[in-house]
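Common to both upcoming complexes is subunit A, partnered first by subunit B, then by subunit C.
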Partner chain A sequence: MPLHLKLHTTPEVPLEAECICPDRMRGLSIDDINRLIVFHGNREMHLADFFECSGNNDGDIRVAGDLVNVKHVGSTMSFGLITIEGDIGVHAGAAMSGGKILIEGNASDWLAPEMLGGEIEVRGNAGHLVGSGYRGSTVGMQGGEIFIHGNVKNETGHCMRRGLIVVGGTSGDFTGVNMLAGTIIVIGEMGTRTGAGMKRGSIISLTKTSILPTFSLACNYSPVFIKQYLHYLLKKGYDIDSKIINGHFERWCGDAVELNRGEVLLYAD
Partner chain B sequence: MKINGVQIDNNFAEAFPMKATRIIVTAMNLKWAYRAANALRGFATSVIACGVEADIEKELKPSETPDGRPGLSLMIFAMSTKQLEKQVPIRVGQTVMTTATTACYSGMESDTQVSMGKSLRYFGDGYQISKIINGKRFWRIPIMHGEFICEETTGVQPAIGGGNFLILAKSARQGLTACEKAVDAIKKVEGVITAFPGGVVGSGSKVGSKYPFLSASTNEAFCPTLKGVVKTELGPEIGSVLEIVIDGLDEASVAKAMRIGIREVCSYGPKNGIYRISAGNYGGNLGPHLFYLHEILK
Partner chain C sequence: MSENIKIVENATCTFCGCVCDDMHLHVDVEEKKIVKAKNACILGRAWFSEHTIEENAPAAMIDGKEVSIEDAIEEAAQTLVNAKFPITYGLSDTTCEAQRQAVAITDIIRGNIDTTTSVCHGPTGLAFQGVGESTSTLGEVKNRADLVIYWGGNPAESHPRHFGRYAVTPKGMFIPGGKKDRTVVLVDVRKTKSAPVADIFIQPKPGKDFEILWALRALVKGKTISADIEEETGVSLEVLQDLTEKMKNCRFGVLFFGMGLTMTRGRHFNSGALLALATDLNEFTHFVAKPVRGHGNVTGADNVVSWQTGYPFGVNFSRGFPRFNPGEFTTVDTLSNGHADAALIIASDPGSNFPKRAIEHLKSIPIVVLDTKQTDTSKDAHVAFRTSTYGINTSGTVYRMDDVPITLRPAFESPFPDDEKILTGIRKRVHELMLARHSANGAIGEAKVAAPL
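And now, the complex of A and B:
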């Protein structure tokens, strides 16, 4: 039986709840967990002031309630499972290195900034800057996998260096901006300025999109590695037409204003 | 012991420990997968001089391969992991990568790994790209026909080499007809290969030689042309001896393959020129795995 945390008092201002994390709860009793520190705005309070806690502390945590104002859930987690039974606030999974966060609703902005490993699955939509680097940081996501079944907003994968981000719906502008490496797959439509400033890495889109003039068309081919990715995504529950899996893609190389070793692959049939 | 009138010698096959890996080769279609696989398994009949023993294990449906294309699984056996480390990248690089539209993946999970793409990526001359898909690292090597995809490493596990049986026949033609049927049946056994051409050894050997530089030489006791010259194992009715050598991932699969193969050969019987079944052994000095014919045929 997992550990259940049920929100009984909705925070009026953002609640910083880094303690909702298997690493921080490891070995603690229910009483100890109730006394964990959270910040309601700038006021130090206890977890029990907002959450009702029950169940067994075995690394499997289920969090329920209106969590839109709850920040930093699963930050730096390295193992276990957190299930969010609804929407979640900003910075969920920040710098996490292992384990899994399953968000059954929507995620807010800054999902998994500077993530190092592990897996995040969002059944709904996510906000801006998924898997990105914090402002001023030169490196974003450095490992792990983020699967979003809905849409995302702008700057997905900003500065990402490794790992995989999959968007089942549409993405906003500047997808993969300043990307260093890694892979972003967008099944729906992408906004403008995709891959602006990217050095390396792969942005794969299953629909046509506008390409920056600093990208050049290399060829039209059927990449085997995309077949591998798309078969993997089928297993992850994404709906992908076999025509696309076996189809051809345009390979655009860029960004020429940077190293020019990145690629945008667009389904071409 | 007799099966369908064929005498089964009270003898044993002597097999020895090896290391094995399994790789998966895919291509645009099976024709090109076979071209790559046949090139890889060429000159891989015996560790005596080839470095490895390799063969196609089975065809794979698109649903069974990592990229959803038709493919083949191959098994490669060597005397040591070090030897596999040397041979696998060379063979994959020179045969699979050079075959148009192919990709190469590991077909075996293990803590012990040998390089594939890890070595071959340098062919990309700096333009190679690494991708991690479902926790496994693959290399995309840009090549003239497009891209060669190769998994970074492949798993290695302990295995058994040298399971065998000898088919003593009236003539080479009759012996080979029975052997072909036996090899077809053995191919249906999972986890084994018959690495010699067509699965049949035409020149079975013994360990050692009168020449100090040679580690193996002709098994004169089973050579029909030397009856009367040497102490022979052959009766007057035997005009040809063929051998089927089986490498496998464990004792059970080797024993099963031997049992199925011997029964297929015996189904031809003396009226079709099949007189005796024996096995190659070296008095128990070669390896620890002993397959007694009478036991495995019970």
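And now, the complex of A and C:
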């Protein structure tokens, strides 16, 4: 039986609750968990002031309630499972290195910034800066996998270095901006300025999109690695037409103002 | 007009970011009015001549009722200390001395501080951090720049003396011919009143600045750009190639940019692209980039908040140390998301110019306002202070848009206290209240010393 955390008092101002994390709860009794520190705005309070805690502390945590004002859930987690039964606030899974976070609703901005490993699955939409670096940081996501079934906003994968981000719906502007390496797959439409400033890495889109003038068309081909990825996504529950899996892709090289070793692959058939 | 006229020489105009410090003010001391402002531009003349003192206005009010300044300070301090997510906002039309007090208050109450930078050149602040800045003073521009590019701004109307005092017509040490020795380029989506000043006017399609800047970066680096760019951006490849050659071959180039760049689609990436272009050009010649700032001391706000917290705007202290995250801790966001539960607004009027959702939330929380006049924000304030005007009634330090600090020479005294005095009073009181709270919780050290409180 997992550890159940049920929100009983809606926070009036943002609640910073990085203690909702298997690493920080490891080996603690229910009483100890109730006394974990959260920040309600500028006030230091206890987890029990907002959450009713029950069940077994075995690394599997289920969190219920209106959590849009709850920040930093699952930050730096390295093992276990957190299930969010609804929407979640900003910075969920920040710098996580292992384990899985399942968000059954929508995620807010800064989902898994500077992620190192593990997996995040969002059944709904996510906000800006998924798997990105924080402002001032030159490196974003460095490993792990993020699966979003809905839409995302701008700057997805901003300066990501490694890992996989999959978007089932549409993405906003600057997808993969300043990307260093890694893979982003967008099944729906992408916004403008995709891959601006990218050095390496692959951005794959199953629809046509506008391309910056600093990208050049290299070829039209059917790479095996995309087929592998798309088969993997089928297993993950994404709906992908078989003709796309076997279809051709335009390969655009860029960004010429940087190393010109990145690629944007657009479904061409 | 009385015969008792006082002349204030080398006074400073704090209307816009040019902060011209060569004003000669004629002050009618009896009427407490500036009757003439020699050297001022049309905006500066209006700034000085329309400044009046409402002698009968209350200096402090609580819920619309006149109170003593001491009572208002006590109520303001209690309001801020009792809040869980207090925000401080504004700061760009007051002195650096007052700004310092505002940062200290926010630090003590563990609040959130932001300036009007976040709604004008905030994206540029982000770009500085991400890209860096090749910079200079306006004095260097005056004396050295032979290529001046304005991008996304209309200084003829927003900063009328920018052309004449700093960048276009003045004769400089190495620019003896003034305008004749300079090439002026204007890039804007509209043909504004600045266009006649420009030797070259480039009119891109709206929202295509990033694509043009990116193409210019590629051309500067010797990469090939397709002629299709004209269809995308409205600017032909030939024009971009010509501009590239001019930029690479000038002796000292400068890119001035405004909110036409920072507040259109792409925002901080637009600013970042322009800053990166200036950096790229330094492989060929000397090139700098400067934002053209709006408010009189918005640059000072950036400087003060930066040297006190490490970050220029959008800084949060709720955990006891500064954290920077625009989009989360910027005021439009803290209000629109309903996070703030009290507000300290200094020399700004978000109640009249913020998004509707933000204004609605602002009206639902207690507000402490310091302003020289009644505003939409102060009408809804829980505690309102009327303060004197910086530069006209109050001395202090402001920063010009090129980060040069300038001392103010006030023209005449005001019956109202200045922002610094009020904020210092609030700072002292919130400090006492916070120490007392810590003491009550069994704190040690400094808090223990304050135990009698």
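What we mean here is this: the second predicted complex is superposed on the first by the 269 of 269 C-alpha atoms of A that agree within 3 Å, B and C clash if a C-alpha of one lies under 4 Å from a C-alpha of the other, contacts with A are read in each partner's own complex, and residues count from 1 in each chain.
As a working rule, a contact is a pair of C-beta atoms (placed from the backbone, for glycine too) under 8 Å apart; a residue touches a chain by one contact, two chains touch by 3 or more.
All figures in this text were calculated on a predicted structure; none of them were measured in a lab.
After superposition onto subunit A, the modelled positions of subunit B and subunit C are compatible, with room for both. Of the two partner chains placed by the overlay, only subunit B lies in contact with A:K227; subunit C stays clear of it. Of the two partner chains placed by the overlay, only subunit C lies in contact with A:V257; subunit B stays clear of it. Contacts of A:G41 after superposition: subunit C is touched, whereas subunit B is not reached. By the touch criterion defined above, A:L67 lies against neither subunit B nor subunit C after alignment on the C-alpha atoms of chain A. After overlaying the two complexes on the shared chain, residue contacts for A:A196 are found with subunit C alone; subunit B is out of touch. In the superposed model, A:E16 makes contact with subunit C only, not with subunit B. Within the superposed three-chain model, A:I88 lies out of touch with both subunit B and subunit C [touch as defined at top]. With both complexes placed on chain A, subunit A has more residues touched by C than by the other of subunit B and subunit C.
Touch criterion not met for A:L266: it reaches neither subunit B nor subunit C.
Between subunit B and subunit C the least C-alpha distance in the superposed model amounts to 20 Å. Residues of subunit B touching subunit A in their complex: 26, 66-69, 103, 129, 131-134, 138, 140, 146-147, 149. Chain contact summary for the complex, subunit C toward subunit A: residues 83-86, 109-111, 126, 129-130, 210-211, 214-215, 217-218, 221, 223-226, 228-229, 232, 265-266, 269, 276, 317-319, 324-328, 339-341.
Put simply, subunit A touches subunit B in their complex at residues 162-164, 183, 200, 202, 221-225, 227-229, 231-232, 245-246. Chain contact summary for the complex, subunit A toward subunit C: residues 12-14, 16, 39-43, 69, 90, 109-110, 128-129, 134-136, 173-174, 177, 192-193, 196, 210, 212-214, 216, 256-257.
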